[in-house]
Amino acid sequence: MTSFIRNQWYVAAYADEVGHRLFSRTVCGEPVLLWRTEAGEVTAMSDRCVHRRFPLSQEPGHLDGDRVVCGYHGFTYGADGVCVSVPGQQRVPRTARLWSYPVVERDSFVWVWIGDRELADEKRIPRAPWLDGSGWTVVRGMEPLAARYGLLVDNLLDLSHETYLHGGYIGTPEVAGTPITTEVDEAAGIVRVSRHMDDAACPPFYAESTGIRGRITRWQDIEYHAPCLYLLHSRITPVGAPPPEPDGSDPHAFHVEVVYAITPETDGSTHDFWAVARDFALDDDKVTDFLRENNRTVVLQDVVALDVLEEALAAEPDGYQELSINIDTGGLAARRILARLREEGASRTGATAAPVREPAAR
Amino acid sequence: MTSFIRNQWYVAAYADEVGHRLFSRTVCGEPVLLWRTEAGEVTAMSDRCVHRRFPLSQEPGHLDGDRVVCGYHGFTYGADGVCVSVPGQQRVPRTARLWSYPVVERDSFVWVWIGDRELADEKRIPRAPWLDGSGWTVVRGMEPLAARYGLLVDNLLDLSHETYLHGGYIGTPEVAGTPITTEVDEAAGIVRVSRHMDDAACPPFYAESTGIRGRITRWQDIEYHAPCLYLLHSRITPVGAPPPEPDGSDPHAFHVEVVYAITPETDGSTHDFWAVARDFALDDDKVTDFLRENNRTVVLQDVVALDVLEEALAAEPDGYQELSINIDTGGLAARRILARLREEGASRTGATAAPVREPAAR
Amino acid sequence: MTSFIRNQWYVAAYADEVGHRLFSRTVCGEPVLLWRTEAGEVTAMSDRCVHRRFPLSQEPGHLDGDRVVCGYHGFTYGADGVCVSVPGQQRVPRTARLWSYPVVERDSFVWVWIGDRELADEKRIPRAPWLDGSGWTVVRGMEPLAARYGLLVDNLLDLSHETYLHGGYIGTPEVAGTPITTEVDEAAGIVRVSRHMDDAACPPFYAESTGIRGRITRWQDIEYHAPCLYLLHSRITPVGAPPPEPDGSDPHAFHVEVVYAITPETDGSTHDFWAVARDFALDDDKVTDFLRENNRTVVLQDVVALDVLEEALAAEPDGYQELSINIDTGGLAARRILARLREEGASRTGATAAPVREPAAR
């Protein structure tokens, strides 16, 4: 039994990770081969030859123009995954084709659809326009996490941990000390968690990047689109600055959009994509370098903690207990939604047939 | 299924390993957090936060006076394991308390009780008074063993292996060559194995430490208190020295008390605590250094052999056969007692309820 | 459940690996202790003491003349596996004997019989006389393979992979491009796969060793004796050279006999013995060195590829699909024969009893 949620879009890579060369990444337990055609289109197909399941990304496998050549026996595939040549005979079996994944390049991400192809609807991909929009400067990275993806969802939906795990970076006492409000859109699979700190210490993350020296008003508005995309709309102003305008704009505030894509790799590991977009000091390289280092440090603090937690949980007997309090409202809502999506993804499966290999059958 | 024996006292640490800082050690599969209060009392509680089971010993978790602060979300506990503070709200849930272990500091060891708390009776802790008594000088250590604890019990109850595995250190041909006598106190869970060598070579362990150059009379009297404490009362004299006095004292003999605490860590690993106390050359640092090095070498010879044996057994199909002979009488008795204690420990479980997490439920 | 095939001969070692010292190798999951008596006879017995299953090959275990002394408690065995001495008592239990394996030294290999001893018939050992016959010069080696043995059988029975995986060494486009003929002797458990290239590029392996600069006629005649021995009778001539004589001899051709012994170690690892015998340039050390390096490189290319493939398959859900084409005819026949032998080997088991431990029972 697996915990993967099928019939969903997942971020498989940053767009600039994928070029005209073979690139493999495992998403929800499925090895996905990503490459760009000579015309620049991203393609995604199973990274396993139909013949003996040799990984196509393994050397001496290679691209020959817009064809993938397997490094073991030379089975050759087009950009659509259809096999066009096999060794020792002219006839290519009709069923020789790779599973090909619906794929969309958007907001600097490459999204792939894991599930039944006819259900793939790119309008359902949640947006993070700051990541390649004008008016924003972005730092980002991806860290491998040796923990089930649910631990990262828990982590990000309860920011009270900033005070303890990220003290001296992004946390201050007010984060853990301030109650949250939570809104859940069950149908859309969105969880919103907000925390408004009227008068709070300014953590180094913001003091160094904005130049504010005194205390701040700080808004944290989380918007989690289950299962993969997490947005934190963060806004700060010096205490006493004017409030937002009636039209919603707030020229006196500093805006930071923190984006995570939470992509399960295996049952016990996760691709932890993170990005920080800001609307100030856009061309200041010192601020850019500082935020990249500071946020990467924060992400790695989470990685260390969640790797330890995964080991602890993996060693627990079944049915271990947790105790939840108010701060967990958002995380518990997310777990509920993920459980429902998992069930829906599983039940819809079986209705479709894949040409060569049906990942749905797992 | 696990092989741990519940409702027993186990050595978790040497007393001087535990100070006013967080120290974690796994005993019978349970992660135990050990620390000393500012007043110097040893406390033992579960090393897992009740909230999301984060290890309390993991940085940046720390002690704040006599309170443990979890490094993930700041849940805070007193020395009794009761939670006194949680983030984001004033009210602390009534059930927020850590499993707290009965703990006793004695004979230089910290003993913890694994099982139902109401059954913990410190009078049942077996004694090794030599380890911090006057008139004795002690060397000691603890080696991690990548083998099930039963292999160390087997090893220590059959000292014929000294001749082969520890030749040139503590073994001579007479050890394997001399028959043993065995006495079993089933009710008390004690196995006694004795071997009396009238006229034996003196191994380097004793020659170097006592200065005896000729042959010796050598007594090995084992007293194993299942499951955790192993005592070897060792006595040597030069051949021809007067026998013990009628009152039991024997001023002409050199006495060495070898003590092992055999504490299961996981199903396949063990904490191998070892100590050697002597009643001669008490202030001779050269003898102290020699015995520390010599005995540690002997312990590590066992560790290498048992690690290899564990690997061999783990690869065996179920139902593999062993062949036992006279020398195994003590070891077989120990296995029988351990099997009975395991059964008793398991059957008594379920009758009790632990506040937050019932390790008994595993 | 295991995939080992019982009641078969397997190559356990090269003859010159086995001397008058303890040497251990696992064959079909069974640890086999190999050593030569003072008279030079190879013996094979279980590498586990009957007492507590300590590996006899583990130090300080050793040979004492023609007796094996266990390093743990000194149990001592003769060359026939019968125990002749135990510690602490004169009487040696009647059942104290090691499983002893039928063993044959032949064609530079040490063959052991895995299965019921009374079925061992050394006439069933397939031959590779080139490996120690006159008129041949041999290079050889053994590489550990972290893959199930079936992957190496697949690999060797379909040489079309030479074109892709071994291009620049032993492969040219004609190998993958030329159809094969396959003959199966189901009763004898032999698969023959032949490929005849009339006019082919000469790969470096042959160009460097024979000095031929132009194109060649190339014969590949595979003869696989399931489960363990693989022979590739390889023959090349310059294009246009006279054909073989009516009597079968072909003095104008260069002959290379490639031999593999495919010995399962565990379910997921294999001993990959390889040898290359040639009938030309017999005393030319440069050719010998070149062929040793070149062929070892080719073997290691296979090892890397099959290790990767094993990892990929081990992560697959059950029931994954493969697609087979004409080139797979020989490999599929081999799989069929191996499946039948496995079934026969399993069903015949249970009929016999081994003195102390019945490996058949696994």
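Letters are used for the chains, namely A, B and C, taken in the order the chains are written, and counting of residues starts over at 1 for each.
Operating definition for what follows: a residue touches a chain if its C-beta (ideal position, glycine included) is under 8 Å from a C-beta of that chain, and two chains touch if they have at least 3 such contacts.
Chains and their UniProt names: A, B, C = Rieske 2Fe-2S domain-containing protein.
Bear in mind the structure is a predicted one, so any value in this text is a computation, not a measurement.
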Angle (degrees, nearest 5) of the CA superposition of chain A onto chain B: 120
Interface residue overlap between copies chain A and chain C, same or different (over half shared): different
Centre-to-centre distance between chain C and chain A (centres being mean Cα positions), rounded to whole Å: 48
Residue list for chain A, restricted to those that touch at least two other chains: none
Chain C contact footprint on chain A (complex, rising order): 29, 31, 48, 50-55, 58, 60, 69-74, 86-89, 93, 95-96, 356-357, 361-362
Chain B - residues contacting chain C, complex: 154, 158, 160-161, 163-165, 167, 176-180, 305, 308-309, 312-313, 315-317, 319-327
